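What follows is chain A paired twice: with chain B in the first complex and chain C in the second.
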Partner chain A sequence: MSQLSCLFEAKSLAVVGASNNPSKYGNIVLSNILEGGYKGVVYPVNPKEALVLGLKSYPSLSDIPDDVELAVIIVKNHMVPDVMEEAGKKGVKSAIIISGGFSEAGEKALQEKVVEIIKKYKIRMVGPNCQGVNYTPNKMCATWPLIKQEGKMAIISQSGSVGAELGKQAENEGIGVSAIVSLGNKADVNELDLLEYFDQDKNTGAIALYLEAVSNGKAFLNMAARLKKPVVILKPGKTEAGQKAANTHTNSITGKREVFEGVCRQYGLINTDNLGEFYDCAKLLSMTKKLRGKKIQLVSSSGGGAVLACDAIVEENMELAMISEDRCRKLKAKYPQHFTVGNPFDLTGDANPALYKEIMLELSKEEGIDVFMPIVGDPIRGVAEAFLEVRELIDQEIVVCFFGGAEVQVEETMKMHKQGLPVFPSPYRAVKAIAQTFQKKSSIN
Partner chain B sequence: MITAVKQKEMLLEPEAYQILRKYDIPLPASRYVCQENEAVAAAKEIGYPVAMKVVSSEIAHKSDVGGVKLNLENESEVRKAYCNIMKLAEQYGHCVDGVLITEMIKDGVEVIIGCSEDAEFGKYIIFGLGGIFVELFKDVSVRVLPLTSFDVEQMISEVKSSKLLTGYRSEKAKYIKGVVDIILKLSKLIEEENIAEVDLNPVIVREDDVYVVDARVFVY
Partner chain C sequence: MSQLSCLFEAKSLAVVGASNNPSKYGNIVLSNILEGGYKGVVYPVNPKEALVLGLKSYPSLSDIPDDVELAVIIVKNHMVPDVMEEAGKKGVKSAIIISGGFSEAGEKALQEKVVEIIKKYKIRMVGPNCQGVNYTPNKMCATWPLIKQEGKMAIISQSGSVGAELGKQAENEGIGVSAIVSLGNKADVNELDLLEYFDQDKNTGAIALYLEAVSNGKAFLNMAARLKKPVVILKPGKTEAGQKAANTHTNSITGKREVFEGVCRQYGLINTDNLGEFYDCAKLLSMTKKLRGKKIQLVSSSGGGAVLACDAIVEENMELAMISEDRCRKLKAKYPQHFTVGNPFDLTGDANPALYKEIMLELSKEEGIDVFMPIVGDPIRGVAEAFLEVRELIDQEIVVCFFGGAEVQVEETMKMHKQGLPVFPSPYRAVKAIAQTFQKKSSIN
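Now for the complex of A and B:
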């Protein structure tokens, strides 16, 4: 929805409640905006300071001489209506209200007052009671922690911590994010607005959604039916204890677990059970194209890794690709006897980048392979370049498993991730992510 | 957030049958009667063996109070069953409206088809194989309304125990198309009528046909 571009693409922003005290969020957020290298103009607002973090501080929004597109608000709850009224008069188009103390704390009337004001001035608002917004293409980290790396994963979260954790993992792994939005109380902008926006956002490839309850079930289903990009969901409250906790956390009335599972199957959403699966699926989908089928070919330097992968493939209802007899004969004649030709294809300790490349290119001529899963079980330097080259030459998708490679593994993984090639640190996680995301695609067709 | 709980009311089984018939959902031949002699005549008309089920707005779980008699082979068994049901109802202090005499449907795979309402996503259909598969293994699948025949086929094949329908070991494949048909008709019924909850349990699926043998329908 282009309506939200006034938020994500804002060319100027004011931090109301900007602070020089490093223990305050008004300091942390402004500092992240500055360190993140925000592309637009920043105006700190704090009547008690002349300078905040070295920038001229304005006593109020109306004292800022130029236009302000976005207001990031971190002030005491009872001050928020006045600040928003001022923002409206100033012509501010969007707001992120980080301040808490609204309906989540029993202050319903206060929240309604704020909503009334933003409706009057047609301001789009995220929050209140949220952890802010990060949109890396605009280098706008109006949240914490500081995450700068651009990637294709957009994270929408009803928990600030979940969004922060997912984003940080993505950055640590060299994958990055396109956006992190903390939903907070969803008094205006909710998951539907954001799903629609990121579905059309050219910087986003896949959407990760942590949600304790949907705002409107029917509208959510209508939206899900229209989405073109993959959506990975973590929706807690699967047990009675979890439902109770969700009710306390976000006032959520959650439905039945089996109903949500049905909804995901019906509408092609990827349902995950925990943070690990949530991250792995979002990561895979933000990096790969649609998988064309479920036949996986393993090419491994590790016998153990290959065995683990075989079990995972069968248990997760994927398939081991079959290599034609002709090709097997040819490859057996070409390579040393201690290689295992087939699936898994075991290169043993002889494995090196050139060998991986050569064999994957040869096998790519086979019709029955949909996905290559090279398993690197040793510190083999240079596999990243080899796999990236192979990727350019073949039609099949590549999902790498790298484990037991210590420091070399870290370096090679980073190289691959920066080029958009997904690497998982265990055969199971690689296969599980493929299987979970593949099911989604197959149900759409 | 507190939503008002809407009052729901269970229809008597003959009423439930009526609404299901309106949507062409297959039911065994049946007669609703209020006297012993009528019961005998109804059984004869339907053809032995028959089943007899108590009809009472005060009894939700008929078999728990001995209100269901199966495989009645002749007139004397019908009379005995009728007296038995009336006596039991009296013992429990339930007011009885009558009994439903139905054709006996035997020798098939039992499945359950239900409809209920979810707090977030509204009306949904639930499917599973009967008995322990639902109760013990929770082997069910769910789809929310509206649904397509593709959704229904998927939800049937999705339950682990669906192999019992497609032909397990020496068993022949069962009439799955008939199950799909019932679910689609039920979803139409739910969208058009003021229905709160439906519990078709069991639905008996045989090689060439399928019947809803027991139906509980709740309306607002």
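Now for the complex of A and C:
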């Protein structure tokens, strides 16, 4: 862990290749670091400018009068070795090389030269050919897009686009991330270093890993055995065409799929099949405790939502909880005839926050319920408060499904997400995420 | 068709049960009709108010001095027969009964009474127990949520929540809808009437149908055989639990699943498995011509996106197009070495709108490409214009995949959707929608 804290916890950083041209990544990255509210000190480096984005610009790293812990490098590929040599002499401890044009483009010698330099100076490096690093607890968005909201999800991605997409979704939904790391060519820091770091990072609850090629199969297996936090994986290349494309993309061998999948199964790493599942599972695990069982109780305002959820529960090998006959009788006597008492429990268009709360509290006394899934299929204001109150009073986990609620849905979902209560926008996605993550490792025990 | 035009094309409507209390549906519906910019004349009916939402309120339908074509009814269930009797005498031609408390709540006699009245007066009625009707070409949003944007997708739903969700997604994405009809108890107007209407409606390109129970199996089969426009269906109840929940929800028998699925297969109706697929297929069909074949060419800024798309193409039984060796040689000579020439065609981080356009135009000369799927995995401004220009110049269909582009992605996606070019937010969803709709009926031939 300590080895990479010089990267994530850096108290000062220089952006080498900082630019005033808004179409350049040297501008976008510096701008995101500043707008993100980075906790440390920032030094733009650009010999052609006096000021970059309003900050004094230094001609080179060595011209900076103070210590620099981290160098973020966005210059032409052939300039990188010189910059890194200078960084070493300056005492820089970590680097993020965003510049491309290394082994992925056939320039292996150039990459090896860089690796030699970082070894000489004991610099830890992410990249080259990566999309940067975001660590929200340090407000350090040395990447794009700008993502500021802190959350419990750490994203490690061998595709810049995939990392950016997951992070942005998490922010848009009010969930946030602890980190996004774009792996790039993995010439130094690789998925193993990062899995180890985030497994111990107190700001991280679950890890999402998009990986095209495993750096070291045996080491990955050993790491998988040691990990304590839940890890959700998307590893494309399931088909021959996909594998071929992955080999071309990363210029590496992706390895035997069956072996990888066997390791995941054995150690409880969650393998997903597409971007949607990948996000949903990482989201659920960054917000929930380990589910104690697979019996789900539905309480719905929408008949259609309840029907769709029943199908999903059966098809995904979860179970509909059974309510005792005694309680059914009691509830049937209490509520209007057009309510459906049972599972699904259908409140119909009469549903309101107080009713959801009342019924969930009553049902929570049942032994046979592991998870409550309230389904809100209408624009019902105030359900967030109701579900958050219920969560404090019951032992069962709550996973909310909200759809058909337009603007009210967006507002209520944000409120729940900010309090760590997961909300999914369709019955299928809610059930699928529960089923995929059920009985795996869990962050908050 | 003419029979239901009295509903969709109504030039005047009364909201019986209009209310000044913002928590009542009688307020929400009237407010949406007014905010939606309804083309006709609106009459609130409420005996206790002089004004509702600033409009003169009438004590009853018969007090309205002018003709009323459509009555939207949101009053207590036991008042509905009297209101309908009055509507009949007034010469009202169509009704939307939002009020619940009929056969779904065990009040069969009450529903039968209403049906007798509408038969006597030849009124066409949607509901009871429904969430209303939206027909955007008439700017008539007699439902919730408020959805104004015109599009080519007509939504028929036996769940108010499902209809609302689909419509809102379509508006949020800049696609819009032609209609949303909540079927409710289907005491008069049912899915057959509506399929027939929208199949002929010039404002509709594709129909999305959420159905828990088929009203008349034989009639449905005959209708399926006659339909010319593409129909996408979500029919839950695949499992016993789902079927049981559906029977309870609609208080009707859902029918044999195998028979229904057979009919769909035979007549090219597209059966989907969950809300996400349902929306994606309806969206694609409301925007595209029939695909001429299943050979897809990928042009990507994201290596990861390209890999994910390859897997999806193979797994969904689509095909990666093959580029001729001649053209490959030519393109390899023209572009930098780090571009991957082939399929996927990887433009790497160098991707820009002009490059996408240039390469798609060059590749469009190939015989073996049916569909272009440009994948944008970065915040690249201007791709919308580029793809829209290319569309005018080539014969192949374009289905865009855009992810990892944050705010730029939202802006560019809206631009493309408003021009009828479909964009999906993940490779899997784009490919899956193509695969599910491939070789089915098509709206724009």
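A few remarks follow.
Methods note: the second predicted complex is superposed on the first by the 432 of 445 C-alpha atoms of A that agree within 3 Å, B and C clash if a C-alpha of one lies under 4 Å from a C-alpha of the other, contacts with A are read in each partner's own complex, and residues count from 1 in each chain.
Quick note on the criterion: a contact is a pair of C-beta atoms (placed from the backbone, for glycine too) under 8 Å apart; a residue touches a chain by one contact, two chains touch by 3 or more.
The model shown is predicted, which means the values in this text are computed figures rather than measured ones.
In the superposition on chain A, the chain among chain B and chain C reaching more residues of chain A is C.
Shared-chain residue A:111: touches no atom of chain B or chain C. Of the two partner chains placed by the overlay, only chain C lies in contact with A:307; chain B stays clear of it. Look at A:218: by the touch rule set out above, it reaches chain B but stays clear of chain C.
Looking at the shared chain after the overlay, A:182 reaches neither chain B nor chain C. After overlaying the two complexes on the shared chain, residue contacts for A:190 are found with neither chain B nor chain C. Legend: residue contacts after superposition of the two complexes on their common chain; A:261 is shown touching chain B, with no touch to chain C. Under the contact criterion defined above, no residue of chain A touches both chain B in one complex and chain C in the other. Of all residues in chain A, those touching chain B in their complex are 213-214, 217-218, 220-221, 251, 253-256, 258-263, 265-266, 443.
Residues 1, 3, 118-122, 124, 126, 138, 140-144, 147, 151, 154-155, 158 of chain B are the ones touching chain A in the complex.
Taken together, the chain C residues at the contact with chain A in this complex read 100-101, 104-106, 144-146, 157-165, 168, 210, 212, 236-242, 244-246, 248-250, 273-276, 301-308, 310-315, 320, 336-338, 340, 344, 346, 348-349, 377-379, 403-407, 425-429.
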